[in-house]
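See the structures that follow.
Look for chain A in each of the two complexes below; its partner is chain B in the first and chain C in the second.
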Partner chain A sequence: MSTDLFRFTKSSKTLNAVLIIIPMVLLFIGVYGGLMQTLFRAGIIQSDPFVGGDYYKGLTFHGVLNAIVFTTFFAVAFGNALVPFALKKNLNSKVAWASGILMLVGSVLAAITILMGEATVLYTFYPPLKAHPLFYIGLTLLVVGSWVAFYNWVPMYLEWRKENKGKKTPLSVVGIFATFIIWFIATLAVAVEILFMLLPWSLGLVDEINVMLARTLFWFFGHPLVYFWLLPAYVMYYVFLPKMAGGKLYSDMAGRLVFMMFILFSIPVGTHHQYMDPAIGAQWKLLHGIFTFAVALPSLITAFTIAASLEHAGKNNGGKGLFGWMTKLPYFNKENWFFPYLILGLFIFIFGGIGGIINASYQMNTVIHNTAWVPGHFHLTVAGPVMLAFLGGSLYLIGQFMNKEIRLKSWAMISPYVYTIGLLIMSYGLKIGGLMGMPRRTNTGASYANPDSILYQADWMPYIDMTVIGGVLMFIGIVIYIVSFFTTVFSKSRSDEKDAMVTFPISESLHDEPATWLRNFKPYIIIAIILIVLSYTPVIYDVITTTYGGSLPFSPDSPVPLR
Partner chain B sequence: MDKSEKFAFILSGLLLVVFFGAIMYAAVAKDIDVPTCITDMDPFERDTLFQTGPDTYELQMVARMWAFQPSTVRLPAGTTVDLYVTSQDIIHGFKIEEHNVNLMAIPGAINYLRVKFDKPGEYLFACHEFCGAAHHTMAGRFIIEEGLDEAETEEDV
Partner chain C sequence: MGKNESDQELEEFKPKGAIAFFLLLMVFFMIIWFAMYFELLSRG
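Let's look at the complex of A and B:
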C-alpha cells in the first residue's frame, strides 16, 4: 500500500534523528537529576556526587531539561515526521535544519548556564531571582527554533488543501497543527516577558522589574505549555493506538472536536496557577477556573473515545462480555513494544486527570497549592502519559529515520512497566506528603526530614521514603529504555529499498462523519483570541494597578540585591 | 454521532457542572474564597500584630530571605486573624498547616486572607516557594493556647 509509506529526503531523516538523539542525552541528565532529588529530600545526600551543587541547581536542570527541552524537541521531531508523512510532501530541509540548529544552540546554552550554577532559578525563572542572560537567550532560541519548524509546515498544509479540495485533513496533521497553534500563541507571552522584561533587566539595562506582571505573563504561557506537552501524546492515542491494539478509532469527529476545543480553551486559563496570588481579583480567577473546567471536557471525551476504540479492538481480538476485551489487548507482546507506552500512559492519566480537576477547583487549590502534591500531580501527567508516549515515540522514530530494526525489544517493552510502578509509588508519596503540608521545591533532607533539625517532621518521613523507592524504580525504568534506545542507534542499519521508506501505524475510523464544521482552524483561532482578550485584560489591569514599586535582581545565595 | 457517544458527552458535561456547583456552593454559602486585590492597605515593611476587637487581631507579616517576621505567633484559641502578607525581597510562599490559608508573598503586592484558630496547638507554616539557598529553613509557627491573656510575636534572627 503506497499510502502507508513515504520517502523522506536523506537530509531530513538525518535531522530528525539528531533532534531525537541529542535531547535523549539531555533527558538522561535531567532524569538523573530527578533521582538525586529524591535522595536529597530524604537526607541521603547533601550535595550532588557527579554534577556538584545543591538541590536547587539539580531541580533547575531537572525541570528545564525534562519538561522544556526534551518535550519541545520531541514535538518538533514528531511534526517533522508526521506532517510530511500524512500530506505526502517533503520538508524544506534548509528551513528544518535552521530550526533544529537554533533549538540545539539554545538548549545547550541554557543547559551550560544551569550546570555552571549561573541560573539556579528553576524552570519557572520567576524574577526577582536573576539568571545569567545566556540562560534567557538560550530559552528564546529554543522557542524561536520551534516556531521556525512550525512555519515550515504551514505552506505544505496550505498547498495540500489547495490540491485536495473537499477532503478532510488527516487527523494527525490536525493534532499537530493544534499543538503548534497553541504553542505559538502561548509563547508570545513568554517572549514578551523575556525580551522586554527579564533580558534587559538581567543585562542591567533597566534596574527594576514588576514581579507580578512577569509571573502573570509566565503563566499565560505556563498552562498552555501543558497542552503543548499533552497533545502530541493525544495524537498518538487517536492515530496510532487503535491500530496497534488491533482495531479502529471509534470516532474521527471526536478527535477533531477535541483538538479544536483545545485551541479554544487552552490559554484563557493560566490564572488558575495564581489562585493564591495577590493583585488579581478573585472574580477573574473564577473566570479562568470556569474555562479550566471547559478544557477538561475534551479530555473526558478522549477518555471515552479511546476506551471505546480499545473495546472495539479487544472484541476484534476475541474478547467476550462487558470487560473481556480488556484482557485481549497486546500488553506483553514484544513485537508490539510500543503499545505499553500508550496504554500505561492512559492508565496513569486517570489519576492525573482527577488530580488536575482537584487543582483547578478554585478554593480547593488552597489545600494543595505549592505543596508536594503538585509535583505528585504533574509527574502523573507530564512525566507519565506524556513522557511514556514521547519515549515510545522517540524509539519508533529513530527506528524509522535511521532504518534500524529496534533492538532489545523486550527491554523496550518492559521499561514502561517498571517506570509506571515507580511513578505511582513516588507520586503517592508526594501527594500524601503534600496533603500533610510538605512544601514543594524544598530540600527537605536539610530541615524537615533531618532528625537533628528543630523543623523535623517525623510524620512526613514514610512519604519521603516512598519517593525514594519510587524514584529509584523510575530511574531503573529509564535506564532500561536508554539501553534499548542506544543499542538500536548503534546497531547496523537495514539497507534494502523498502526499508528506506518511513511508515506509521495510522488507524482507520469506525465512525467517520463529514464534520464540515471542524475542517477549518480559522474560526477557532479567532474565538480563542477573543476569549484570551476577555479573560486576560482584567487580570493584567489588576496586576498593573494594584502592585507598587519594582524589584532589583537577586541571586539565590544572598538576601542582598545584586545592584 | 452514535448514541453512546452522545451519552458520554452529556455525562461529561454534567459531571463538570456538578463540580462547578460545588465550588460555587463553597464560595457563596460557606464563604471560602481565594485571595483578591487589596487596595485599602498601605505597603508595609515591618511586621505588626494588634488587637482589633475582643477576639480579633490584625497581623501584618513580612517574608524575607530566609525568615518570616514574625516567626512565632502566640494567640488565644478562638481568635480570628486578618492576615496580611508581603515580601521584602523575592517570592515566598505561606501556608498554615491544617488551616485553609495559602498565600503567595510577592514583592510589590499585599496578600490577604482571614483565618480563625479554634483548636489549641502548634501549626507550622513552611515557605513553599523556592527563595534561594536556604529556602528549606524558612518556616514559623502559630501557637494557639487556651486562655492566653496576651497575644505575642517572636522573631528569629
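Let's look at the complex of A and C:
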C-alpha cells in the first residue's frame, strides 16, 4: 500500500478548512429546510416555525443551499486538496483565496436574498419566477469563484506534465479535471442565461423574457450539473474505496475511460428534461435521449469495476465463494468510519441509476413527469451517493486540514446508516406516490393531503406519511453527523510533525494498463464540443424560431405579474 | 510486494463474483424497466 504524505502551506490548509466549515453550516440550514418540506407536504405545518415564510421559500433554500452551494464548495475544496497532493505541488495561495472569497460572498448573497423571501424561485430559478438581482449576482460569483479555482490547478498540471514526460497523470487528477471541464463548459450556458436574460429582466432593463430559451439554457447546465456532483464521488470510489476495503482497484484503465466518457456524453443530454416542453422537435429530444443512454455506460462500467475491486478486497479479507466477499467488507469498523459513506452511496445508486434510465426513456417519461417520482429519483442520486460521499469526504478533509483526530467515530460511522434507511423510506414514498399522480413542487399539505379540501386524496396518505418518517430519519442521521463534525472541528489539534502532513488513502491498481489513448484530455474535449454543437444547434434554432414575445415576472403566490 | 507475487495475484484473481453481481444487476434493472413499461402501456 502506498501511504503518501504531502505538506500543504498553512494558508492552503486554512482556506480549505473554511471552504468546508462555512458550507457545512449552510448545508444544515438546507437540511432543516428539507425536513420542513416533508412536514409542509403532509399538512403538519403551514408556515416555517423558525425561519418563517411559506413552502416555496423553504423549497428554494433547501434546493439551492444543498444542491448548488454545498456541492460546489465541496468539489472545489476536494480539488484544492487532491490536485496538489497527487501532483506534489503547492497551490497558488492568492488565487485560491480569491476563488474562495468570490464563492463565499456569492453564496452569502444568494442565501440572504432567499431567507429574506426575495428569491423564491426554487433551485431551477426558471422564469417567469423572478428573484432579486442580488440572487443572480450571488450565483454568478459562486460559479466564477469555482472557475478561478479550476484555473489555479491548470498551470500546476501543465508543469507536472513537463516534468513527468511519459508518466500517467494520477487517476485522482484525471477525475477532478474531468469534473471541472464538464462544469466549465456547462456553466457557460447558465452564465449566458443569467447575464443576458435573467439579470437585465430582474433589474427592469427589459420587460419580458423568453421562458423556453431560458429553460433550454438552464438544462444545458442542469443535467451536466448532476455529473459535477457525481464525479467527485466517483473519484472517491475509484481512488479511495478499494484501499479502504483492503484491496486494489481492479482496473486503472476503466477509471480513466469512465472519466473521459463523462466528458464526451455529459452535456448533449439536457433536453431529456424537456420532453414535455413545446418548441423543441421530437427528433432532437430523441437524440438527447440516446446520448443520455450513452452517459449511463460509464456508470455501468463503474458498477462492474468497483464490484471487482471490492471482491478483490473481500477475498483478501478471507471471503469465499461467489458472494462471500460481500460479507468480509468493513461495514461496521469505526476506525474505518469513511467506508460506509461510500459503500452505502453505491448501494443507493443501484435504485437511483435505474430511476434515471426510466426518466430518460422518452415515452416512459410521461408516466412520471412532474410527479413526486422525480424528487424521489434525485434524492436517490444527489442526496444519496453524492451527499454521503461529500459528507464523508468533508469529515476526512477537515481532519486533515485542521490536523485533528476524528472525534465520535462511532457516531460518524452510524450516521450514514440512519440517513440511508430514512432516504430509502422517503424516496419509496415519493416514487410510489408519484406513480399514483402525486405532484412534485406543489404543497400537497394545503390540498391533496388536507382532509378539508375537495382535492383530498386518502389513498396517497400512506406514502406521504412515509416521506415524513423517512425525512425525520434523514434529519436525525445528519444531526448525528454534524455532532461528530463540529466536535472534531472544536477539538484539540494534534501537534507532532508527521501529523501536520496531509494524506489520502490512495489505492494501488491490480491491472495498471498503459492506456496511452486515455492520457490526453484534448481529443475528448474536441469531440465533446462537436457533439454539443450537433445536438444543441437544432434545439436552440427550434426554440428561437417557434417562440414569440416573452413573459412578465411572477412570484409563486400570485397569478398577477409583479409589474 | 515482489514482482512474482504481484504477477501471481493477477493470474489468480478472476472477478467471478463481480460478474455474477453485474448480471444480477442487469436482471434487476430489466425487471424494474419493464414494470414501468407495462405501467405505461396499461395507461393506454
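Heads up, the rule we're going with is that the second predicted complex is superposed on the first by the 559 of 563 C-alpha atoms of A that agree within 3 Å, B and C clash if a C-alpha of one lies under 4 Å from a C-alpha of the other, contacts with A are read in each partner's own complex, and residues count from 1 in each chain.
One rule holds in what follows: a residue touches a chain if its C-beta (ideal position, glycine included) is under 8 Å from a C-beta of that chain, and two chains touch if they have at least 3 such contacts.
No experiment lies behind these values; they were computed from the predicted model shown.
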Partner chain(s) touched by A:Y126 [first = chain B, second = chain C, both, neither]: first
Partner chain in contact with A:H312 - chain B first, chain C second, else both or neither: second
Contacts of A:S551 with chain B and chain C, given as first, second, both or neither: first
Touching partner for A:L435 - first (chain B), second (chain C), both, neither: second
First, second, both or neither for A:F332, with chain B first and chain C second: neither
First (chain B), second (chain C), both or neither touched by A:I357: both
Partner chain(s) touched by A:F323 [first = chain B, second = chain C, both, neither]: second
Chain B versus chain C, judged by how many residues of chain A each one touches: B
Those residues of chain A which chain B touches in one complex and chain C touches in the other: 250, 300, 304, 308, 357, 361, 363-364, 366-367, 511
Chain A partner contacts - residues on chain B that touch it in the complex: 1-2, 4-5, 8-9, 12-13, 15-16, 19-20, 22-23, 26-27, 32-39, 43, 64-66, 86, 89-91, 93, 95, 97-98, 100-104, 106-112, 124, 126-133, 135-137, 139
Of chain C, residues touching chain A in the complex: 9-10, 13, 15-22, 25, 28-29, 32-33, 36-37, 39-40, 43
For the chain A and chain C complex, residues of the former touching the latter: 250, 300, 303-304, 307-308, 310-312, 314-315, 321-326, 350, 353-354, 357-358, 361, 363-364, 366-367, 435, 510-511
Residue ranges of chain A touching chain B (in the complex, touch as defined): 54-56, 59, 122, 126, 128-129, 210-212, 215, 250-251, 253-254, 274-283, 285-286, 289-290, 293-294, 296-297, 300-301, 304-305, 308, 357, 361-367, 369-371, 437-444, 446-448, 455, 457, 511, 513, 542, 546-551, 554-559, 561
